[in-house]
Each structure stands twice: as structure tokens, then as C-alpha cells.
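By written order: A, B, C, D, E and F. Residues from 1 in each chain.
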Amino acid sequence: MSPTFALPPTFLGLEHRDPAGASLVVAGIPFDLGTTNRSGTREGPAAIRRASRMLADGANPMGWIDPAGLSVADAGDFSIALGDIPASLALIEEQAAGFGHLMAMGGDHTVTLALLRALHRRNGPVGLVHFDAHLDTWPDNFGQSLAHGSPFYAAIREGLVEPRRMIQVGIRSPVPKEVHDWTAAQGVTIVSAEEVHLSGPEAVAARIRSVLGQGPSYLSFDIDAIDPGQAPGTGTPEVGGLFTWQVMAMLRRLKGLHFVGMDVVEVAPAYDVAEITALAAASILWQYMTNMVYNQ
Amino acid sequence: MSPTFALPPTFLGLEHRDPAGASLVVAGIPFDLGTTNRSGTREGPAAIRRASRMLADGANPMGWIDPAGLSVADAGDFSIALGDIPASLALIEEQAAGFGHLMAMGGDHTVTLALLRALHRRNGPVGLVHFDAHLDTWPDNFGQSLAHGSPFYAAIREGLVEPRRMIQVGIRSPVPKEVHDWTAAQGVTIVSAEEVHLSGPEAVAARIRSVLGQGPSYLSFDIDAIDPGQAPGTGTPEVGGLFTWQVMAMLRRLKGLHFVGMDVVEVAPAYDVAEITALAAASILWQYMTNMVYNQ
Amino acid sequence: MSPTFALPPTFLGLEHRDPAGASLVVAGIPFDLGTTNRSGTREGPAAIRRASRMLADGANPMGWIDPAGLSVADAGDFSIALGDIPASLALIEEQAAGFGHLMAMGGDHTVTLALLRALHRRNGPVGLVHFDAHLDTWPDNFGQSLAHGSPFYAAIREGLVEPRRMIQVGIRSPVPKEVHDWTAAQGVTIVSAEEVHLSGPEAVAARIRSVLGQGPSYLSFDIDAIDPGQAPGTGTPEVGGLFTWQVMAMLRRLKGLHFVGMDVVEVAPAYDVAEITALAAASILWQYMTNMVYNQ
Amino acid sequence: MSPTFALPPTFLGLEHRDPAGASLVVAGIPFDLGTTNRSGTREGPAAIRRASRMLADGANPMGWIDPAGLSVADAGDFSIALGDIPASLALIEEQAAGFGHLMAMGGDHTVTLALLRALHRRNGPVGLVHFDAHLDTWPDNFGQSLAHGSPFYAAIREGLVEPRRMIQVGIRSPVPKEVHDWTAAQGVTIVSAEEVHLSGPEAVAARIRSVLGQGPSYLSFDIDAIDPGQAPGTGTPEVGGLFTWQVMAMLRRLKGLHFVGMDVVEVAPAYDVAEITALAAASILWQYMTNMVYNQ
Amino acid sequence: MSPTFALPPTFLGLEHRDPAGASLVVAGIPFDLGTTNRSGTREGPAAIRRASRMLADGANPMGWIDPAGLSVADAGDFSIALGDIPASLALIEEQAAGFGHLMAMGGDHTVTLALLRALHRRNGPVGLVHFDAHLDTWPDNFGQSLAHGSPFYAAIREGLVEPRRMIQVGIRSPVPKEVHDWTAAQGVTIVSAEEVHLSGPEAVAARIRSVLGQGPSYLSFDIDAIDPGQAPGTGTPEVGGLFTWQVMAMLRRLKGLHFVGMDVVEVAPAYDVAEITALAAASILWQYMTNMVYNQ
Amino acid sequence: MSPTFALPPTFLGLEHRDPAGASLVVAGIPFDLGTTNRSGTREGPAAIRRASRMLADGANPMGWIDPAGLSVADAGDFSIALGDIPASLALIEEQAAGFGHLMAMGGDHTVTLALLRALHRRNGPVGLVHFDAHLDTWPDNFGQSLAHGSPFYAAIREGLVEPRRMIQVGIRSPVPKEVHDWTAAQGVTIVSAEEVHLSGPEAVAARIRSVLGQGPSYLSFDIDAIDPGQAPGTGTPEVGGLFTWQVMAMLRRLKGLHFVGMDVVEVAPAYDVAEITALAAASILWQYMTNMVYNQ
């Protein structure tokens, strides 16, 4: 039996790499052309995989499920088009469409647009729970429409998500008033980080359950939802963020919902410390996997 | 339109550098001769300016005010006298006296004494809200009276502040009993970090408002008030500190008070990680600017 | 009078190095052969000593006790047997047995087994409060029985502790169900990190007092009980951990209990940032010392 | 007189920011969309400016020229088109064409193509000395033609440089044979890093002088020409690189040549240590400035 | 075509993972129980694999061989016995014996003993070129005979190597005179780092060729042979070390020798910077692979 | 027998701490008020002591002398006057005068002035070999006469050194022409870093021997003489520096000279990497100790 540090370099050391027949597929998307501040999320998937070794030995106390024992495949990294945002999004969409239930490791938040487009082909519009410091509904990113501040602006306009079944948690960045007001006007529920701190994760989890209901839903987790003290390895940090205990407490309370896909994005390892940001990302994937088993 | 990383290297990328006619003036004070433990706060102003780029695009959700649109000037860094504490304090006082409403970026906490002296020339004694892990009312710093453990001992004795309109928040360091007792005996209100954690930022903000009242007041923020996990880049860290969400929640609830100046001190970038300490300092300045606009 | 950075390189700069006649003895145990993930705790004692300088000047506000003024000796580091776990444990036990009230700085958690064996010679079975992210009652560590996941499995089986006077606080790692169930079946009280967050440190401190009672007790503090954002310098971090303010709040509320020894383990400085993990460890030792004086 | 750490945040603390009338203009180009391995050179200009403070006080011993006393302006950073390589290159070319003698701080090496295009408008084809670990004459970068491995492939094909007046120094990366052979077939002189180590900087400087002759020439310095031990802060490091003493020795021996522009590219501060890579870049700019004065 | 950062997480992104039928097999040995100073080489194999991506695209200019195109397999990591040196060495020997031509990534230098034992089963005694700051012929390591200071003491005594066909390059550490004298008395050639600096890599390469001759030989490369400025990520650094350009120059000049196996050991990533130590290790493996093809 | 990491926290783990009767005394001087750029050398002595553990086991191959076996005492750190340069210099001089043959660990270079004053009381003027990137004969440091750019200006003017028996090695910083010319006019020999690289350490060592002769001499080693790639942990780095192999080669060739004291200054650990700067400093002290024994 090998110690954690000798595991294969896949997510949780998963030996199974063939995505066909797997009930869940983990894949990396090393794309960071859409970042507007610090770059480097292209190195995210490798770092999350390495950090995940710390979770590879033992069951999740919630339900005593060992996610490493599931029918999960690590399909490696997606191809991208170097230096070309539209071509990369097309490539990502095409590759995502080839998998069933996908758990994606970013990469910057732009990739979620491509993932939602792929999902829409099969599922139609989905509900969305979105953890983030930022609304990500900017119509523009310093002149660029397809970048990491805009995935949900496009997703709403393209009908990929149902705005009234969409909730954003951890919001706290500077933002133009018109971006905020447009988002709210679509029916999106916005929960600030301060609200999470003041009302607690149990109340917020209940609110997420209420917004999503039992329809097909998607989880998009921007690691900058978490406080920079616990997740420094990201490009657009904002103080006052969520704590990982709150995040895990909320995720545990989302079991039983009908998720059809998820992503964790914006891990930039060059700014990380002792792998703590990558470990937070890996833990979110791991808890999602546990929830999926619980649902079976 | 330039992305954040291409902004001019001023606070928030402010183009306006002429302090005359500005309603608020930001300036750096790269002085660290008064540090008693780890040094390096001379590099603080440059780091805070660089980190502030992340806040340069968009309004503060509180009141939808964009601080970058205000009449604010970044006046650059103060001159100091290399290796000479008394001469530096005199220089700092003189330069500060030449500006109107000053927002200073330290530098170590010794500089606050010079800033309060300059303020006293115009305003007389002021109220004071002081965030810190330490009381900073030591009469002595290992034999040195003018150093970063003593600014408020001198300020009280020189009549620069009204001790009964003075409140210290986040206190938790080891301290000689006589230093604590002298401070309390002056009428200063002392709120430990544990009290903030147990009673919450709303209650503490109310207490600050009650102590300061509507008289002219000053805000002095030692970055070590914040927990070392969120603000490692400082010289005298103490565990158990405030969280940035609490700090921002308190500051937002101080709008409407009559502040006439402020400083953020003790950022030591050589010990920082991924700019998170500098970002916390920049965010405090940014929230203070928002509050000042709200007051208009 | 010397500033903190010029102190002797002992714990709190203690000049007194002769353990005979001291009421408390601090010692380092630079052993890390039992680590199963990231290594490097052999460098822990040196880092904790260096970080402790920040606490060397002033009294603990709790009771205005200055731990540096006590009858405490820093006895230096224990000898270990390079590359040999059983021989090292025997050496550690022998050395520990030669001291009175020992405060040990690890080293990995394996050393606690040797320390409890030494304590048992004099005190018989003790109560135990154990802060950790992990139960550390695994019967096996990837094929190795004597390693850092097993000290309390062995301690319970060898009768070194009274399981019904044993409480574990901060638990949150993946774990096989049978390990958890065996532990609970022995009568051990298990308090998850989420419980601490939801119920608060005052309630948990009361629970610890109730489990330990007034019998002789031991404190074992694995630094990974603390959140990776505040204690990155460790080998098996887990997200969602305790905050240092909670830890200090609980420790302060344990004064008056009958402790006969303690350790702080698993500090791995190569993964630390700005000494914050080492400072957390030093602060725990410092609070324990204060409690011991209070008891006198 | 201000210490270095209180200088204005421009290159060498230059107060003069108006490029009109300056004999040399320094500008940053925070573009990194063309990187094929680690990213982050968008942060390069800010880091080089900050590091340059260490060179701001005193003359260059070569000729006792103080570059800070020259007629030099720091024009700030160029605008770029976020996420769009062709649009960014067009923007960069346009801005560069508006200046006279430009010293550019990258950004990744793709920008040199735009700079050479701008230069060509005025100067026609130029000679080129190119320090690099890589030939940068790849026709393709993982499917992308406009990226940091290709600027000189395009420059040669577009007639922006005279290949027989082109010399590459420090070459040592893996490379397809056909890329190497195409480059050599154009008449480019290729000097490997090993040759520099074995024959010494004086001989190589003589060779550069011989290749460039007295025609108008350009200097393009990819910081990865320097060894990773002295310049870790870059995206595609290769072992066995040049030493900074060799680089400075060669540059000093290039005085009197007819340079009409230069750039230093590929500084990625997130991977730097103690600013040493940024300082190397600043020192290269500083020596080039000295050479230009010497030429006057 | 994927950029380097999207490669599979194997050495050079090798897709071929089945060692049977491969002419060369790369494998990791995450063992670090034999370290006597800083630990952490268990993380070495993962770091070397990650760093090797930078070498994955293009041929080695020496002979225009692309090592990634060879018949090479990355067999993953060896199993080890946690916390048990003798059992680990037995396991390593057994696994190594199952492969043909092995290129091992340590792990600490103790593993070389096990690898030489495995090699001896098939090849009998071999010649040895050993790059290191240390002789590694200590009979004892602070009381432990099987540790990273002793592999060649044991190898000589067990007849695994021919001492007169053994040469050590880069030697410079403090050492007891009797250890040095014993080594020299066996007939081993010792070349200090200063000799390499003063006489140059070409002369030393000739000397290595002369000592090894055409018999079967082994290459053992302790990364601390390289200077700490270029290879900080190791446990027992010594100043004055070899430069990577010298190392690569020597290795290139060893082509045609009859190597039957090799290892690169002592990479400790927690002390590395920007992956430069790991890249040096990867480059050594890559050059060795090139040499092996050249030999075909 | 303890491994290196369990040694007492003194230089080389020396048990002997009583300076009386020791033939050599090591002491730290944690003073950094004279730094003009990056600060933090107050932490230098602790870092050098910690790094020296790597040299504690074994003899120096030069003459097979084990410096740890000598009659050497580590006297701990000097007292300084916090925030007061003149008072600190007086204190340092007084303490230094109380010891015999002192080996001092800085601290910034200002301290050398105090040390030379103390030495002058007993020895009269001495010869001086001074390794540095800077001349340190500035009459002024941004308005401050007593700071780290001026010790040798004062020393020459006070008659503490014999300028014609003074040689400076490694010089390469920007400097006003008048500072350089004044120094040369005193008769000081100036050897640039480039000269060391071009002529080699053997030639330079011969030149040092020739300048110093057999009179009493002092060695002052500013760590920034070494290249930033090998010694990043310092405040005023300059590219193109000496390599540690050259430094050690020169020091070894200075045996037999009549040294009466030495210092190593300007180690700033907050900017160090993996202890390599501190190790370089420790190695210089260790070689000096060896030379002193050789002299006996």
C-alpha cells in the first residue's frame, strides 16, 4: 500500500483513466486567456491533482462514502487553442460534449461558458449555484466580451441557465451599479459574503436549495469566493471572503439536489502557499463526488 | 481601456497627482526605524499601491460609489531622514501639515504620532478609533521612547487626542499590566479581538460610533489588527486576530462619522504572500474613501 | 534591554537552561519519520523557538501573568535515532521520563506515544484533550503501525489514557468508518471542526472541562487542528479547520484543570509563511504556561 | 534627498514623464497572451520599475555616466487588447510608432514583432542582437502563429530585420532540427550558451560587433537567456544559461554601435525571488542607457 | 497539439506507461527516511515530472535527437515501506530488478544502494560516475548505517561497484579525514568542485571517460553537486557547487559510454524556487536519454 | 549523537558559550538602522546560526581541520539601542572591546565602523580586505553620515585602517565618480567583480596577499559581494557578482595572513531562499575559523 505521496498523478490517484463507462469524469482545462488581473490558472489542474493526494485515503465522514472508490475517471486535460479565446471555447465545448457527468478543473472562469453550452445541448437550461467574489455578469472585460468576467452574462443571454433558478454566493467585489442591477433584474439571487458571515452557512444552504429546487442544476465554484487568507492562489482576490468551513458546510447540505455537472475554476498556483488553495479546490470536488454518491 | 495590470503605479491608478485642490490626498510614508521586531514597512506604500489595482474597476456596492472617480490625489511618498527617528518625525509632521484631508500609507506605527501632531495644529484634539493587536501606549520601546509601541502614549500626553473619545479594537498581545492599566485609566475604551469575535462586528461598530460621537475623529489602522492568516506581511503578528470581513463590516458601519484623517500602517511586504496583506490595506483605504463620499 | 530579535535562541529567550529545579521544562523533539504525507517537522522546534520571541515581552492579559518570568527551562532538543522509529520512540520515552512537567515541541505526532508512555510510568493513565484534524487512532499507516496516524490507537490499547476522559477537537479528515467507530466505541468524545464553528469555543471548552474532570490530564495539540490558512506549515492539512482565536479562547477557559504535560506537534516550517504556523504553536505553549501559573 | 525606497514608482524614479522631447523613452508592455508555458509576464513592467530603484543613485562606472540624469522619460504602460493577440500587436505597433528611441519592458517575446514593425516604418530593416535561450523562429506555437516562439520567424519573413546582421546569443533549448536549420539558412549567426561559457564574453562581444557592423541595430533581450539561478522569474527557463556578469560584460563592450531601439522581455514576477530577475532586467536597460549616452 | 502545460503528468508527458518492451524506464522512488539534514525528497519525483514538461517539445541540439520520441516508459512510483529503511531498500531492490534499463528519480541517496544491488544481480560490479557535494562513503550517519551518507560505503564493501572504475565529481563538503582517506584508498578518483571550476568541464569529462572506460557503468547524480543558487531545493546544500552549464557540458561529452542505469536524487521541492531544481534534474535525465539514443 | 537538525541553536552548535578563554568569539549584531534600500538584517545572526548546522559535522578538507573542535565561543547577540544609530555604534564598540578575536555576524555594514574602532584601541590601524559590491566610502547616505554606505569613509578618516593596506573585491555598483576617485586617491586597491571573473580567484588572492602583507589585518565581508543568484537575501543586491566557489577559493588562499578580526554583514533573511544566503555567510565564517587554526 503506497503512502499518499507515491500515488499516480491523477485526481485522488485514480487508476481508472477511461472516461467511457465512468459515472463521473474529472478533467482539467488549462485555459487562462480570459484573466483580467493576475494570470496563471493554466497551471491549476496539475496543482489540484497533486493536492488531492491528501484526500485519497479514507471515507468522507458524511455518509462514510469513499469517493476514491467510485466509478470516476480522470480524463486528463482538455486541448485548447493557444492564444485564441473563441477557438479555445469551441474546442472546450466540443470536448465537454463528449463526456457524461463532468467535473471540470479550471482554468479561468471563461471556460464555464463553454461547459454550459455543452451541457445545454443535452440538458437544456439548468439551474445554477455560483460561488464567487464577483458577479461575472459584466458585458465587457476591458474591451473583450469573452473573458472571465462575463460567462454568466453570456449564459443568461444565450438561455443556458434559468436566471430565477440561479443564485450567487460570496459576492463582494467592486462592480458598476448597472452590472449589478441587470443581474438582479434577470431574477438572479445575490448573496453577499457578509450575508453568509452574518446569517451562517445553514441558512444560506437552505436558500440555495430553495432557489435551485429539484430541476437539473450546475455548480460553478470560483475559488476566489473563498477568502484570500485561505485561497491566496488566484488572480482576482477580494478581502472579506468565505471560509472553507462555511463552504464545506454549505456543500454538505446540498446533497440530494439534482446536479448534472460542476467546475472549480481560477486556481493560480504561482500565487499559492503550501498548496492550500489547490487543496481547497480538491476538497470541493471531493465533497461534490460524495454528494453524487449519496444521491445514487 | 486598460486592464488593471496596466494602470499607472499610483493608488487606484489615479492620474491626478496634484494634491492642491483634491478633497482627499493619499501619500506614502516609507519609515520603519521604529519597528521592534521584524522590519521592512518602508516597502509598504509601494506594495499597497500595486495591490490597489484590483479595486480600480467598479463601484463600492455600498452606495454604488466609485472611489476612483473622486477628487483624490496620490501625492507620492514623504521624505524621511534616513536612520534618524526625531528628524523623520519632524519631516513627516511638516509635510502632513501641508495637505488637507490626508490618507497615509505607512510605514510603521510611529508615524501616526507625527500625523496627529500635524492634525492638531489645525483641528485641536481629535477622537480616535484605533485598530491594532497592541495598545501602542508603551512609554518605552526597549529603551527608545519614539517608536512603534508608543504613538498613543505620546499622543495622549501631548493632548493630541481626547482619551474618552478613543477606542482600540482587536487588542490581544502580551503587555505589561501597568501599560494596560494606564491606558484604561485615561478613559480609553479597549475592545479585545476575542470580544469582536464573540459579539460580532455590528455591535462593535455601534460601540465605536458611541465613543467617537460627532466630533472630529481620526482612524488609525495597524494591519496587525487583522489575523496573521489574512495579513502575514507585518512585523509583530499575533494570533487570534480580526478577520477582514469583520473589519470591512465595521468600517461600512462607520459612515457618517466626522473623520478628518486616517492611516494604514505596518504593512511589511517581504513577509506578505500573494499581495494579500497589501490588498487588505488597500481595501481599508478604499472603504474609507467611499465613506467620505457618502458623507458629502 | 534587548529588542525581541536579539534574544537568546531559546523558547521565549529563556536564559535558564537547566531543567532540574524548573517547574516546567520545554524541549524539542525533532523527529519526523512517522509522517505519511509532506515531511519536515524535524525543523519544527527551531522554528517555534524563533517565533516565540514575539511573545517574550509582556504579560498575558489573562491574569496578567508573564510566562517568561516563571521557573521554566528550555532543555534543548531530544536525541533521536536517525531513520529508526522504534529506537527513536524508546529514546524519547527515556529522555521524557527524566523530566518533571514537560512541554514538548514536535516533531510529528508519533512522539506523543513515547511521551504518554513516559508519563504513564509516573502518573498512570491520564485524561486527554486532543486537538487535531485527524483522529490518529488508525491501527495502521500504509503498513506501518508506529507512525503519526496511530499514537492514540496504541495509547488506548496500552492503557496510557482513559478513553472516557478523552476528547478530540477539530476532527474533519477523510477516515475509514471502522477507525471512527472503534474510537467512539472506546468512549472517546469526538468534536468535529464544524461543531466548534457552529457552537462556539465557550461551549466546546465547557465540554472539554466536563470530559476531563479534575483528574490528571494531558494536552496534545496537532497544529493541523488549525485551518491551513492560519497554519499552512504542516504535513497533512485539511480545509475547514479551527481558527486561532477559537483555540486561544478554548485554552484560556481550561485554566484550573489538572494538566501534567503537553505537546504541540506537526509544525513543518518548510511549508510555513512568515512564521505564522510557528507563532501559533508558540502561542499555544505560552497560553499553557500561563494556565499552569494560574493554577499555582 | 529621498532614499531609494521612497522614489516615484517610475523607471529609476524618473520624474520626467512626457515622452515628447526625450531622447530615450522607457515604456511597459504588459502583454502575455503569447506564452506557451508558465504565464505572468503582464506583471513584468511594474516589477522592473520597482527593482530599478536600486540603480537610481550614482553613475555607471563605465564612463561615469549617470543614466538617471539623461533626457529619458518613462511613458507608462502601453494599452493592449485583452485576450486578443492580433489586436494587441496592432495596438502595440501603433503606440510604438509614436515614440522616438524606445526601450520597451515586456511582456512576452511576441511584442518584439510589433516593435520591429513600428521600427521598420521609420528605419527599414535593422540588424539584431538577440539574447535568448530559444531561437524564437518557430513557424508555429502549438497551432498559434503569433506567439512568443515566433517573433523572429515573422520578422525575417516580413523583412523587418537583415538576417545576415542578426546574431542570437545564449541558445540552448530543445528545438526541432528544421527550425534550427531554417534559421541558420537565413544567414543568422547562432551562439550557444555553452560557447559563451567556453570562449568568454569578450570574444562573443567582438563577434556581435562584427555581425551588427555600424548599421542601425536593435537589441532584444529575453531574460531567459540568463540562467534560471539568476533569473528564475520567467516562463520557459532552461538550465545552463548565461551569467549576468557575462551579460553585463558583453553589453559594456557594445558601446558605440548604432542601436535604434531595444526591449527586455519575459520577466514573470510571480516566479521571481527577492526581485533578482527584475533587477537583472533593470540593469540591462540601465547599461543600454549608458551606452546611448556614451554614443552621444 | 497541446501546450506544455496540458501534457499528461508523466515524465516528458510520455503516454506510454507500460515498462515492458520499453528500452528505457523512468520511475520515481519517493523515499526520504535516510536524510540527515532537511527532509522532503519524497516529493521529488512529482516535481521532476512536472518540470520536465518544459523539455517536451523539440529535439536535443546534440545530435537532433528528441528523447520524447524514444521507446521510454514512465512506470510511476515505486512502493516503499513507510518509516522503515531496511524494508524499503528491499522493496526498492525487488522492484528495480523487474525492469531493464532504469532511470530512477529519488528520493534521497540511500536508494542508490538498493538500485546498485538490483543491478548487480544482472550486471555484476559496475563502474560509477557519481556527481555530489559529498563523498557518501560515511560508514555511519549519526548512528544509522543505512542512510544517505553511506550508499557507496556499502556498495564498495558489497562489491557492487569497481572502486577503480569509480569517480566522484563536485566534492566539497566538510568530512572526517578518515572517511576521505578510506575512499581514496579504495582507488576511487575524487574530483573537487574547485577542480571542475579551475580546469573546466571538458577536462573533467575526459577524466571521467578515462576512469569508466568501456565497461558497464552507472551514473548517480546527487542534485546537491550543483550549486545552491541553481539547485536550492535539496537537503544538504554546500556552497561553491557545480554550475548546470558545466554539468550539461560534461554529460554531453559522456556519450558513447556504456551506461546500464542511472539515478537523480535528493530533489526536495519544498525548498525549491520556481521549479529550477526540478528542471535541472529533469534536464539531466533528458540528456542521459539523448546519450542512450546516440549510443544505439 | 544528534543529527544536524537537533543541534543547539548556536553557531555550529557550539556548546561552549563563555567567551572568556576562547581563542575565537562568534557574536551576532542585529542592527539594521543603517540600511538604505531593503531592510531586515537584524534577523541575520539567527539565520546564519541556523544555517551553520549544515557545516557542523566533519573537518574542512583544507588541512583536515574541524572548526567545531576549536576553542570557539558563541557569545550570543550584542545589545543595541533601538532606533538610534550613534548610541548603537557606541554600544557595539564597547561590547566588541571586551572580546579578544571577534567574528561578528551582522547586521548591516554600519557595524563595521564600531568594530574597527574597538579593534583600533588594541591594535592600532589595520590592513583590510573588504568583499563587497559597493565601495562603502560614501561621505553621505541620503543625508545620514553614519549608515551602511559609509563605514570605510569614516574608518579611513579616523585612521582605523591603513588605506594602502586596504583592498576591495567584487565592486560593481553605480557610484558617484567623486566617491570612487576619493577612495582610489587614499591608496585603496579596488578590484571589480568583472576583474575577478576574468582573471580568476587565484590571481586575486595573490593580489590580496600582496596588499595586506604580514601586518595585522581585518576581513569585512558584505554578503552582497556574492551574486544575487547565490545570495538573494540581502538589501542592496547588484547583478554580476562573485560566485561562492571564487569566494571560498580566495579565502582558502589567504591562510597564513595575520587576521585579528572579521565580520560577515548584510544578510537579510526575509529575502533569502532555502537558507542559501545564510549558508554562504556561515561558510565564510567557517573557512575563516579554519584559516585561524592553520595559522596556529
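In the analysis below, contacts are C-beta pairs under 8 Å (C-beta built on N, C-alpha and C of every residue); 3 or more make two chains touch, one makes a residue touch a chain.
None of these values were measured; they are calculated from a predicted model.
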Intersection of contact partners for chain E and chain F: C, D
For chain C and chain F, chains touching each: B, E
Same-site or different-site touching of chain D by its copy chain F, using the half cut: different
Maximum centroid distance from chain B, chain identifier (CA atoms): E
Where chain B and chain E are represented by their mean Cα positions, the distance between them in whole Å: 54
Length of the line joining the C-alpha centres of chain D and chain E, rounded to whole Å: 36
Gap in Å, rounded to a whole number, between the CA centres of chain F and chain B: 39
Residue list for chain D, restricted to those that touch at least two other chains: 1-3, 5, 36, 38, 42-43, 82, 142-143, 227, 229-230, 271, 273
Pairs of chains in contact (touch as defined earlier), listed by label: A-B, A-C, A-D, A-E, B-C, B-D, B-F, C-E, C-F, D-E, D-F, E-F
Touch list for chain D against partner chain E, complex: 36-38, 142-143, 172-177, 179-180, 192-194, 197-198, 227-230, 232-233, 236-241, 271-273
Chain B - residues contacting chain A, complex: 1-5, 53-55, 57-61, 64, 66, 200, 202, 227, 229-231, 243-249, 273-276, 279-280, 283, 286
Chain E contact footprint on chain C (complex, rising order): 32-34, 36, 38-40, 42-43, 81-85, 141-144, 146-147, 270-271
Footprint of chain C on chain F - complex, ascending: 1-3, 5-10, 28, 30, 42-43, 46, 49-50, 76-80, 82
